Amino acid sequence: MTEPNMDLAHLGHVEILTPKPDESLKFFTDVFGMTESGRKGESVYLRGWDDYERATLKLTASDTTGIVHTAFRTRSPEALVRRVAALKDTPHHVGWIDGDIGHGPAYRCRDPDGHLIELYYETEWYQAPAELKPALKNQAQKYPARGVSVRRLDHLNFFAVDIPGARRFFMDKLGMRMTEQIVFEAGEQAIWLTCTNKSYDLAISLDHSGVPGRFHHVTFAVDSREDVLRAADIALENGVYIETGPHKHAIQQTFFLYLYEPGGNRVEIANAGARLILAPDWKTIVWNEAERKKGQAWGLKTIESFHSHGTPPAPRKEAAE
Amino acid sequence: MTEPNMDLAHLGHVEILTPKPDESLKFFTDVFGMTESGRKGESVYLRGWDDYERATLKLTASDTTGIVHTAFRTRSPEALVRRVAALKDTPHHVGWIDGDIGHGPAYRCRDPDGHLIELYYETEWYQAPAELKPALKNQAQKYPARGVSVRRLDHLNFFAVDIPGARRFFMDKLGMRMTEQIVFEAGEQAIWLTCTNKSYDLAISLDHSGVPGRFHHVTFAVDSREDVLRAADIALENGVYIETGPHKHAIQQTFFLYLYEPGGNRVEIANAGARLILAPDWKTIVWNEAERKKGQAWGLKTIESFHSHGTPPAPRKEAAE
Amino acid sequence: MTEPNMDLAHLGHVEILTPKPDESLKFFTDVFGMTESGRKGESVYLRGWDDYERATLKLTASDTTGIVHTAFRTRSPEALVRRVAALKDTPHHVGWIDGDIGHGPAYRCRDPDGHLIELYYETEWYQAPAELKPALKNQAQKYPARGVSVRRLDHLNFFAVDIPGARRFFMDKLGMRMTEQIVFEAGEQAIWLTCTNKSYDLAISLDHSGVPGRFHHVTFAVDSREDVLRAADIALENGVYIETGPHKHAIQQTFFLYLYEPGGNRVEIANAGARLILAPDWKTIVWNEAERKKGQAWGLKTIESFHSHGTPPAPRKEAAE
Amino acid sequence: MTEPNMDLAHLGHVEILTPKPDESLKFFTDVFGMTESGRKGESVYLRGWDDYERATLKLTASDTTGIVHTAFRTRSPEALVRRVAALKDTPHHVGWIDGDIGHGPAYRCRDPDGHLIELYYETEWYQAPAELKPALKNQAQKYPARGVSVRRLDHLNFFAVDIPGARRFFMDKLGMRMTEQIVFEAGEQAIWLTCTNKSYDLAISLDHSGVPGRFHHVTFAVDSREDVLRAADIALENGVYIETGPHKHAIQQTFFLYLYEPGGNRVEIANAGARLILAPDWKTIVWNEAERKKGQAWGLKTIESFHSHGTPPAPRKEAAE
């Protein structure tokens, strides 16, 4: 047995595109309750009140939707060196960037679907301005009590046309562990990967559109299931499109709520309670087709758009549905 | 900078003594809602419904109270070898045991206060009998819906007369990280250590009794603050002594409830919401005397017995209070 | 304007039939967490821990399902006299019974669909045996901490073929107020009636089967939405059929979970938060067909069986669906 | 037995004084999350999102603190006539006012301590402006998701030097029922009165200062205990003085949090879960001195200021404590 590779520390931030930048920004600040922590060019940087880094969401104006890049922080500078060594002579290699608002030099690579992945170690710890100082010094920022008041970036979900390739990339090259998996006779449908004690930091679902590199959703965590229910109340009051939920996933047991932000990207508010994966040798839970037909934990049928709506839109196949 | 030592995977189990074994067992099964998963000699083995290992609490009949041993699971067999190598030629060394119900060979050592620590890798994953099979295959055991229904072992708190020594032992020898700390002019009062993404797995508080090696409390996690409140309702209805809480700690922000089980040991039910320490280079939060005088997060004064009640009793100094 | 008739104090108890008495009883005691408080003939009497009367659910063995009778307690003996005076010379009149376990003489009448209604004033306040004494003297019974631990009877829902007739009967003859109503072009689809500050004590839905006098569901209240979610977890773990939910109704904003007890009757666990109807002149909220097409509060489509499944079964029309 | 007098429908609104009007207003709108619904002279009118009337709190600038008047809505115009008839020839009589923002003509009287009480029937139902329209038509106003977002006015607590006199006034003259009571050998210490199915709408506590007519606190309701905990987080973050809580009262089992608004008046955020008094003949729960020495439900000792801090300040006796 090889010892686990612990080089990735956690999911750091994601950059998504929106064709409605003002409305999307208003959604993330007023409905999600995030805090703007930087601006540059066409991008606004945002954060949850418990995110220790300056920014966990980069919202970039564009003529379309989807994800630009996904960043993981490494556990140490040495860990970053090791990951680059493992990637630089492979087809995944892209190269270094100098950094961005909130973090230092980052190494870029691509997964088999083409999703752009950044690895970095140097980061900027958030320094709250006076009006956002928390009452307790072990907290990054004052609790906003505005809208959903999302706590922190939790996980990301890619759509991918090549699930086995993605699995090998994130496990073999980056050291993630697979906690759950859907495998039909027709092949792998989805995988859940972690680099922390959270039960997943990255999920990857099969994209039937055939368009590689699409984005499924990004998730922010709240403290309790009641917070997710309240988020649904808030979404309803603010005219936000509720795709499905609140309900409990059978897989990972996440208590979920899926919304579309005004730009069209799917976003999730979730809570998994005290659930953690503490076992270093957790055995992947594999779900088959019969099991998945039962729907979500309490019987809710998975909504059809959950299997088709990704961003950017994949025109032809979706039109055919 | 040295790379972090990730050899410990998580707190595995604790063994505590009770002079009232029948009443203590009834408390842990009926009030805490734990499941008995083994018996041997004077000991009963217990578990929360989400603990993946067979047992996380070993309850041993005795003529006194306190803690016998505390076990951490290592991340791999190699990690266990490394930790033993670091300890075997030191005064901490005790030696190997063959194993116990629920786990394989374990290496024993002692911290400076004399608390007995076990390190092991081989473990027995819990196999639920038919009547305790969960509905969802990614869960260890059926949710009991009996009493508090504690989810899993969360953390442990030692009393110690030598906090700096304990700090060096758990950090330097075992690789734990210190997330928070109380330092008065008179010296260190308490430390919080982690080997996971939880904000602490082990806390160590200064024991003013002068008696080394005592036990402060063991904590089991539930999913929400509402679950902690309900636990207080259940304790009240069942005549369990409530020492303090529910309230929110300023330190670590844990939402706590402290009870004394019938034998006299302090036990805690706690929830920290979605709070995790994701930063691999988390900077220890240090609290001084002025800050601690403010009491708990919302102003509750720390109850005096919290600073004196440990098990086993330390007769003379406690009598003098 | 006529002054409101306040003669009904509250819904008192309901009697339902089950062809699987042992399984149904086990469901209500182990899953719902109710307490058995009497037995007579083919009936078992049950109660929630906060019900002040001895019994709120009478479960009677039978070869079918459905509801036998529904009882309301009057506000005073005089109020009972007034209600009887208003009913005794009408086609609704049935007559007096001497009483039953838990209450004294009761006057029986029938609504236009034939649902049997009892009115009574004399009642037996629950006297908890020693092992069920509560810790706080302002509570009827110890909180059981077993299964869902339902708090109290909340409301009842009839199926009826004659909604306008039912509306006139319960409002004009019994003094209930209508808080919400569904009116399609084809006529009234459902009404919600109250005799307390709760937003409804009785709901009546149009039964398309054409069979009069059927039962839709009975509801027990819990304290929070989290309690309803936990009830869904418990139902899942115990193999109970979950028809729909948890979700939030648009109408009345009730947070609901619908289950079928083993006999086949629909039962609900619900929480409405702090919502109360305090206005003595509340204006009925009327929902039209377009509004109802939006589904439940957060968008869940109303499940088809919710419009057809009643007890006892109505064979022909249901088969045709 | 006399039939219960149901003439009062519910507590309608209260008017309190503040010497810091800007800060108090900011507290009620930003921290409590209330909505301003009117201004006149030195007063601002405020409401919770579920209050059906235009205003439930009238905040009036002054050079001191305390309560100006307390208003109850009657169940009907006839009920108002009856109450006036019962009061107009007594020492309680004050006379009529034409109305105020939010309601029509009101009859004023005084309880034995001199607290000014208003009775009215004609009221103004709140009409939300476009930006505050709720998504569901059975709700008065959009959920604000700002600060605590209190739901509705719940109850009021007077300090009084003459508890027996207050009891007789509110029960005999106004028709309230007494649900709980503290009686020491030295006499009545506090009473809890209701005119709804809530377990109390008005509490009156013995004022040891000897100053009549003081104010103890006003309470706004939220939906769950978690909402009360979150309110404590929000108070902490915003520098609001937390007097005591969150904890559960033994009496009435209310889950409470007591704050001082910037002017100095005590305000409470509370939740009682699904607890209702449905029995029309509820027997008053009487607590004696030994029982009260046990503190609150889970053992918290009642804070000393709870027995002394009232508004306006009563200088001499408080200084002597």
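The first chain written gets the first letter, and so on, giving A, B, C and D; residue counts start at 1 in each chain.
Please note the rule applied: contacts are C-beta pairs under 8 Å (C-beta built on N, C-alpha and C of every residue); 3 or more make two chains touch, one makes a residue touch a chain.
Just so we're clear, the structure is a prediction, and the values are computed from it rather than from any experiment.
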Checklist entry - Minimal path length between subunit B and subunit D through chains that touch? => result 1
Checklist entry - In terms of residue numbering, is the interface formed by subunit A and subunit D classified as same (over half shared) or different (under half shared)? => result same
Next on the checklist: Measuring centre to centre with CA averages, how many angstrom lie between subunit C and subunit D?
Outcome noted: 32
Next on the checklist: Centroid of subunit A to centroid of subunit C, CA atoms only: how many Å?
Outcome noted: 44
Checklist entry - Using CA atom averages as chain centres, what separation in Å is found between subunit B and subunit C? => result 46
Checklist outcome for this item: Note: subunit C residues in touch with at least two other chains are 136, 224-226, 233, 236, 297
Checklist entry - What residues on subunit D touch subunit B, complex-wise? => result 224-226, 229, 232-233, 235-236, 242, 244-248, 255, 297-300
Checklist entry - So in the complex, which bits of subunit A are touching subunit B? => result 1, 3-4, 6, 9-10, 50, 52-53, 73-79, 125, 136-139, 151-152, 154, 180, 196-198, 221-226, 250-253, 271, 273-276, 278-280, 282-283, 285, 287, 291, 297
Checklist entry - Which subunit D residues qualify as touching subunit A in the complex? => result 33, 134-136, 142-143, 145-148, 224, 226, 230, 233-234, 236-237, 239
